[in-house]
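Labels for the chains are A, B, C and D, by order of writing; each one numbers its residues from 1.
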């Protein structure tokens, strides 16, 4: 990977500042970790520094829900790109409370509502699941971050109540929001995340804990969804420039999958206008170019 | 491929009927052709029967425009999924006349406008290009179809004029529409189309006429766009079920790309609610399952 | 007024059924009351039967807010027809949390939020205000109705949280909703309402309690808003057919103003598709025709 | 009327400049004319100076169509405020080609299409009608203006084609646009317009040519439509501030009706952000205040 393309971007973006807890992150950081299907690892930069995974948690939530609900879950959430900002209510109203896909906020909230119906302690179930996938028993959620997100919950609360008005929300809105924000506030580093999502590069199999997380077929399905809807309203541009299934979070992390080969996580806190890590995007583009390979040829 | 999954679908869809010329097609037909990067071919069913390529022509138009305009073309058309029906004007108005991608109608019209500015006889330039790619000098446009489409041009004319109002349309609207419909009305069969798009599976190289149509990088870009926006408002579902870059037309054809291996074209005239070939979708899903492989794992 | 035009409509509409408490009303009822600026009254039918005033309460809320906030209130709510259903969030998102007018739900909620900031016990302040205007110290809110509305608050909660997300909501959402529903659940009859709104026909002066409720200028302003936005998405049709400022509620009541002459209240529980009393609309149209007079000529 | 409120506004607005022919008007002009039901007239300022009536022509078109189509015309055009900019296509697409009201552009185009189906020479029929109503046989359309508007027709052409796509447009789009622009380009002065619309203040009766133009009932209907939809997306504000049925044009003219008393026309070329004459609005507000009377009390 060509560092010359990535380094000049540090200082060009803007750290997420919608809650104070995220705004204080040192912007001048970059980390990368790769986890191969054969167990080899590579990392560079601040790959051991924890950050807030934020929307990357939506992939964990989706995986957990798919394990329990199977095909029936798609009655409550769609599989199409939204073509709208991640927090828009417009489409949700026109489409009677069925969110377009599990990676926009409304979709992730309805997936959280499914998990809420299934587990007595939804956040703890999720935390155990993530710890297992990442092979790291010390992972935890940052209470300062989740409390702050709950305080500024208005937009997400608005979405959840709109879905409730349409009959597509089973549990108490406040309860689901608490668990949702606890999941978003998980602190992980690049190595944790590359490892945790390695099953998506390996036909659903998680090597280090010898677990078939999803079937091979379900794994390609998740990757297909990530490729079309994983990068907010920049999914098309990501497919065009990088060409890998991926998911970003406003904490500055992006995970990407090279099917049958390896999983990767990049992190740099400064975001572009679409809310994706500026240096992270460039790093993945350089990676895709340097290996001369994307899922698209 | 398992024919048992495909055959029962014949009779379940609905042939395109927005113009009389298309409504008269015998619905009880199915064809498939595969063209490997090593030159091997496979075909079955009505693979030699000509049909109207319709929106599949948008991929030819895009390729031709990319060759001439390069990166500059993306100032006039986006690269994101639209999340709206293929012929909607809503997004076009909100986004000041810049269509979301080259595969919705508005995007294809602006690409046609680019080609119109470049060629003295745009349709003939396109026809020559397609003949060369398909290795078939007899290909032609069906005048009855294109005349009928022009007669019912109101929706497309509305889009073109809206872009003109926003300053994103250079040529006379009627002239561009004539050429656009002539391109849509090209008659081709599955073998022609599998061959014509083989360069997208082969890093931009067209083997049979020894031509580097696009660079390897541009080829992955086109495939990325096809994967996120090629199947109307069913792109996410196609990624979920089939997992290949593809493009459909209301004539019932669908082309799909297995990067570095082969291109494929399926055809069956009956459409599902999203305007994609019902049996064609099922055939590609069965193919993807039978080779145990999609771009996503 | 010609009763022959009104009576056949009984049985043609549909009583509001979004909460059980309203669904149980006997549909076969009709009442009318007129209160002249000179103090003369006229009433017929079930003019003494109490009903749920619902959205008619929005006019009381607006009046109270205008008395306290004056021109400054228009920074938080618009004065234009919305052109959208009364409970839509689409426009609210596009226009950054500023509702179009005080009579759609979002607008009434922001007005309630203003009154919440002003009064220690907002609903009691409102109840006293209404009792004074109606000259009836026994008026009260139906707790069964307001509790039921609170239970089904999801849509209104969604709107309030969206405005909060945009910074246009000061108080706790749940608190404001409780007071809002208490106001909507006020039980009044046609005579109460005709009397209570007599100040809008009399340059802001309420004769029976000798109070200048609003200035003459403010009164024409309220009437102007009622004429353009008082009848949900049927305001234009009401202007066309009836030609009077008016406000309807899903309880089946409609108040209308004949400036400088009299106020009127009609009531019949069955609603048309726009949520306005079917027989009430017809009665007002017949009244407007019989007096050969509307505000429009 | 208080001139002190109006004069300072000259120089604060912006003359319409979407076509060169209108951009060259001297902005420093103001005229007013009042025509009473008893035949008395009053005028001041540049009341004899011709200007381009533009959208005020929509009231003439509507009147002519109502005379010929009666109630049936409302199947093709609505009667509700649009809540959207006058030239938006969004609502038109959502509502399947039925424009909200006759005063937004789409609505005026469908009304023009009705008149086109009825008259051999639609513009000449309209011109004769206007000459008769204004009692001025010399009125004509400015060919430079209408030609320029036709050249920049893209937005209006887009709307007309969209309605055609939905089956709500009978004639050739280009033909209707020519006649539409010829009507918009009529040159009239304040006195002509006050006189021409006097029938709307006088129960449909035009005194000077002793003609019952519309029935008394139809007259109140037109006034009701003007009150709810006559001032682009400022109808609510106009009702709030002025409280009279009215119609504006981008040439800077505004007509307003004081039912049963008089019609008035003000003119000043500079427009506010909504496209309404800045000084004209202020003049009408001052007039409404000075006579202590609006239709709303």
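Here is the rule we use: contacts are C-beta pairs under 8 Å (C-beta built on N, C-alpha and C of every residue); 3 or more make two chains touch, one makes a residue touch a chain.
These numbers were taken from a predicted model, which means no experiment stands behind them.
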- Task: Could you work out which chain's C-alpha centre is the most distant one from the centre of chain B?
- Result: C
- Item | chain A-chain C separation of Cα centroids, rounded to whole Å | 46
- Centre-of-Cα separation between chain D and chain A, whole angstrom: 55
- Note on the structure: Note: chain B residues in touch with at least two other chains are none
- With chains as vertices and touches as edges, which is it: line, ring, star, complete or other? ring
- Inter-chain touches occur between A-B, A-C, B-D, C-D
- Query: If you look only at chain A, which of its residues touch chain C in the complex?
  - Reply: 88-90, 93-94, 153-155, 157-162, 164-165, 169, 173
- Message: Could you list, by residue number, the parts of chain A that touch chain B in their complex?
- Response: 78-84, 91, 100-101, 200-201, 203, 216-217, 219-221, 223-225, 227-229, 233-237, 239-241, 243, 245, 257, 259-260, 289, 292, 294-297
